[in-house]
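These notes concern the structure reproduced below.
Chain IDs A, B and C follow the sequence of writing; residue 1 opens each chain.
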């Protein structure tokens, strides 16, 4: 690793006047061409829906999948753009980069995800076209979530061009691992504990490991929050927290599946808040609370209940999952993040290891256990079949076996995350992407026109005072 | 009162390193145990829904209550966590406490509310279990709203442990008064003018009265806003304002009930904005507007139309209610709040008396009058029966009688609010909860790690300048 | 023009202590009276719905239009109040005015719009009453959007009384042009590219032209952003961006119409983000991004796909529209806005010409072309009839003719915008409305009690430093 690092250590040029426009234009044009060749409306968003309704004896327009999923879709959409975007605004001088690059990355990622996921999941073999509807839009948002989680690890240390490259590869890897986990292994993962969170977090952490900056403390004075930036970050936290029930239920089964996923997530998240507060208070002097924990660890329960949200986890089961995740995630911020940085050389700006990686793995394990423990008594015969889709080629699978496949799915997510992250990290080491020097990390001035000098002047003044 | 006050006047110790974690852990563990014993999915969120559908000839999954109520639920959820949370961020140095403690209190409250309301409303007597679904989640959010309203009165003057105690008792009292009002008296209160707002506001005001701090002006310099904190507060105001139609319609009857409640609330709120602006301008020198009024009084119409939102209040009726509430609420901020503080010794940080108490009482009265005035001509025979649930033991009730019971409901809410508040206030007087000294009120530094000193330094500097 | 300008140039009196309250009270009272005379619930929000259901063999409450449209309605509502409101908070000292006056104007406008649009579209000729339901609420929000777009052009330069006058006339003009375009010409415009954006933008630009202030650079120091105000503005941008699919689909046809409109808008907006970033980077030194472009031009694709969102524009068609709009809108900010101000004497504070006017016109043209190009092969016979409502008196219309009427609709929107704007601008020139002097523009102190002096002191200090 060190060898490659040295090769890439040259004076940094952060001028992206040609690379960023070039990447944006070329990729967007490619999207248009690929969409032109491949993407069409599905039968529920096409004007032929009126004929489809008649053929299939659908009595009312309200049974269009749009009405089952649109409210959840919009909530997920808010989580992606406002939730992730504002959660990362906590840094004192990187709010533009947080919310702006999040915006850019997500806008590209959803298009690429529609294609990649489309080829794997929505290809109509009769005409070779991808047929999209509301569920594809949700899945594209989900796919991008993985990349935005990864962004959290490298926040402030990479250029927008690097982020776009990271997203291009991230979405591609995501679509493949998702296909293996959901279709080949036939594991269930409604809220994406494995597919989204475990993959995304280890993908980002591996990239951050490859891109390790030994002299990052040169920009240490900017690697922290100010009062108002912490309040902005709470906008992100709360929209993620509130809409997480929609995230975990968005692509769950119609009817009881979506209903149950929402309840389980609601409860797990509530429980997490209390244990996060408890741990935060317990480990700070005089019991004060730390905004970092409140902003992040309160969300761990939603991650960890992702896989099992659809299952008969039962309300108290959800509370238990949330309970432990609040504790583990907060301890992660207190003990594990410093360890990661000092010993493992992983600089994790937002602490995604504590918010997504550990809770994601827990979520995968909880999912495997609760799948393996499923019984006809609890689920009912039809309920069991519906919940785990024991139909077609999987008609003979039983819950215990399903549990094994769930665990296998978790391993796949881990492998893709770590392996893919190392590969992409090496690509991003190339000294052509315009990443900032160590002393310019966490500073919006590098990639943004920051017009006013008011606040900067104040800050400088005060820094010299203090 | 004064005697007890003196007993409790000792030097304050705000160290909550043990009390806060202890309360969080013990209560959360209790929740897990109680949920384990009592709480299960209802037939619409259970995997047996597929069987239930068949038995009850339900033709489509879309008729699961989830699809009737989930969009409103998420809107209510946003009101609770972002609406109430950000509305209270207006103080210059208490934004963490506003949004953070709001988060903690609500996360605990919804769990306890699911139990308390469950025992009263959703207990399945065949197996002694509480069966929960989407409507329970909404009701839990509603229940917590009462406690968050009360928080507004004591904002900045209590410790998080006190808030949790306040919520424990508040939710308990709420569930009992709600049962009496809705089930025993069979009053209607879709938007909770009585059950939520009147109760919550008088609960908070009574607590604040018992906890009166004669020397609160020691922290007067922090009891106000700065420019950006007022903008943050507008996030809260607007999300409350926009989603209030969802609040008042969330648990209304399917179909026309929800539809009408949304329309009435939309109109009442629009009307309130204009009269609030008018009054604010009229009473300030040179007609300037006051952010306090815009942030708060604009919401009064939503409170006041809560009970009658489901009724045939008619569009102009809603406008009239909003019209007067904007006037009364703004006048409350101008004249009544100072009077409350000086004469009645009630320190009401957010002015909940003007935003929730008075409009809540008005809402109860409007509800009683419009119920009493209901006729078969306007409602239709079936419509009247459906709207007021004149079925079962109440099949012979007529509108005029219903009006009387509505009025009785308002009295119950008032009694529970005031009585409960005084009792809980006395509990909170005990010198064990870690509340701040008079000179440390409205200051996040007491309960939060506030890392940067930048803005503080600036403020101090400027305070000495001016 | 200059003659009238001179007549009106007297020392400015910004005291609105009587005019603002008078306008608010009188107009609100008028609303109450007019609603009392004219507005009633429609059959889906009336208690007689239960009878209506039976008569029309509607099997379930879920087929009430409320459930088709409420989620979109709430998203549109958020766009109007938070989206438009916060988008305009970017100015360093006009955030109160941006979000507060936006609130006032919209709250009045939706009431007046319910009446105006009601008379044209929802009048029940049997009893002379306007019957309102959820679709009317959405349309009222849409109507107000036109006026809020216009507000963007005059932001910081007008008094709240002027804004209310502007809204009174704006809503009236909107209702008439909407009637001509949608009913007389029978053009389709689900997302309002023509009806809302083109009209609103040219209305505002014409007003701004008439109100031209040659000495506006006296308040130049306030006509810009600070770091945190730019982050606040991103809240507005993102909520507009995320919920735009709801905007364009809110009143589209049930089923595939809404579904398709959401997909098209989602794609167009994603595409716009990439080309906006590309152009912004390409035209700034060292490739830095400009927040003004990110905040505004990223939304242009949503505007431009408004008319055709419902049509079979196809996914790649949407991407193409978004692609070009991002480019054109960003170029508009770089080249066209200075030209407008210097040559055409149009001062456009928010750059609505780039965000709404040009994309709106493009949207109208795209709509006309895609309507003219519609074929039975692509749409299906029934699909074509449903999408373009070729029923009743329009049963014999064919797509090519429809394209012509669409183009005619665009011209009507332009004429009403420009003509109406000039007329209303002249009305607003009267020296009775309390508008600010040139040196007091963009300053909240004129119309708001701004309590704290902290930040002001800092700013002044720093201004003298720099």
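Following the convention adopted for this analysis, a contact is a pair of C-beta atoms (placed from the backbone, for glycine too) under 8 Å apart; a residue touches a chain by one contact, two chains touch by 3 or more.
Note that this is a predicted model, so its numbers are computed, not measured.
**Student:** Have a look at where subunit B meets subunit C and say same if over half of the interface residue numbers show up on both copies, different if under half do.
**Tutor:** Different residues, largely: of all residue numbers at this interface, under half are found in both copies.
**Student:** Hey, what angle do you get rotating subunit A onto subunit B on C-alpha, to the nearest 5 degrees?
**Tutor:** 120
**Student:** Just how far, in Å, is the C-alpha centre of subunit C from the one of subunit B?
**Tutor:** Each chain's C-alpha centroid was found; their separation is 33 Å.
**Student:** Counting only residues that touch at least 2 other chains, which ones in subunit B make the list?
**Tutor:** 59-60, 62, 67, 71, 228, 235, 458
**Student:** Using the touch rule from the top, collect the residues of subunit C that touch subunit B in their complex.
**Tutor:** Against subunit B, subunit C makes touches at 14-21, 24-25, 27-29, 31-33, 35-36, 39-41, 44-51, 53, 59-62, 64-67, 70-71, 74, 77-78, 81-82, 85-86, 89, 93, 95-96, 99-100, 103-104, 107-108, 110-111, 114, 132-134, 137, 160, 228, 232, 235, 434, 446-455, 457-458.
**Student:** Quick one: in the complex, what on subunit B touches subunit C?
**Tutor:** Touch list, subunit B to subunit C: 59-60, 62-63, 67-68, 71-72, 75, 92, 224-228, 230-231, 234-235, 238-239, 241-243, 245-246, 254-256, 258-260, 262-263, 266-267, 269-271, 273-275, 277-279, 281-282, 284-291, 294, 298, 312, 314-316, 319-320, 323, 378-380, 382-384, 386-387, 458-459, 462-463, 465-466.
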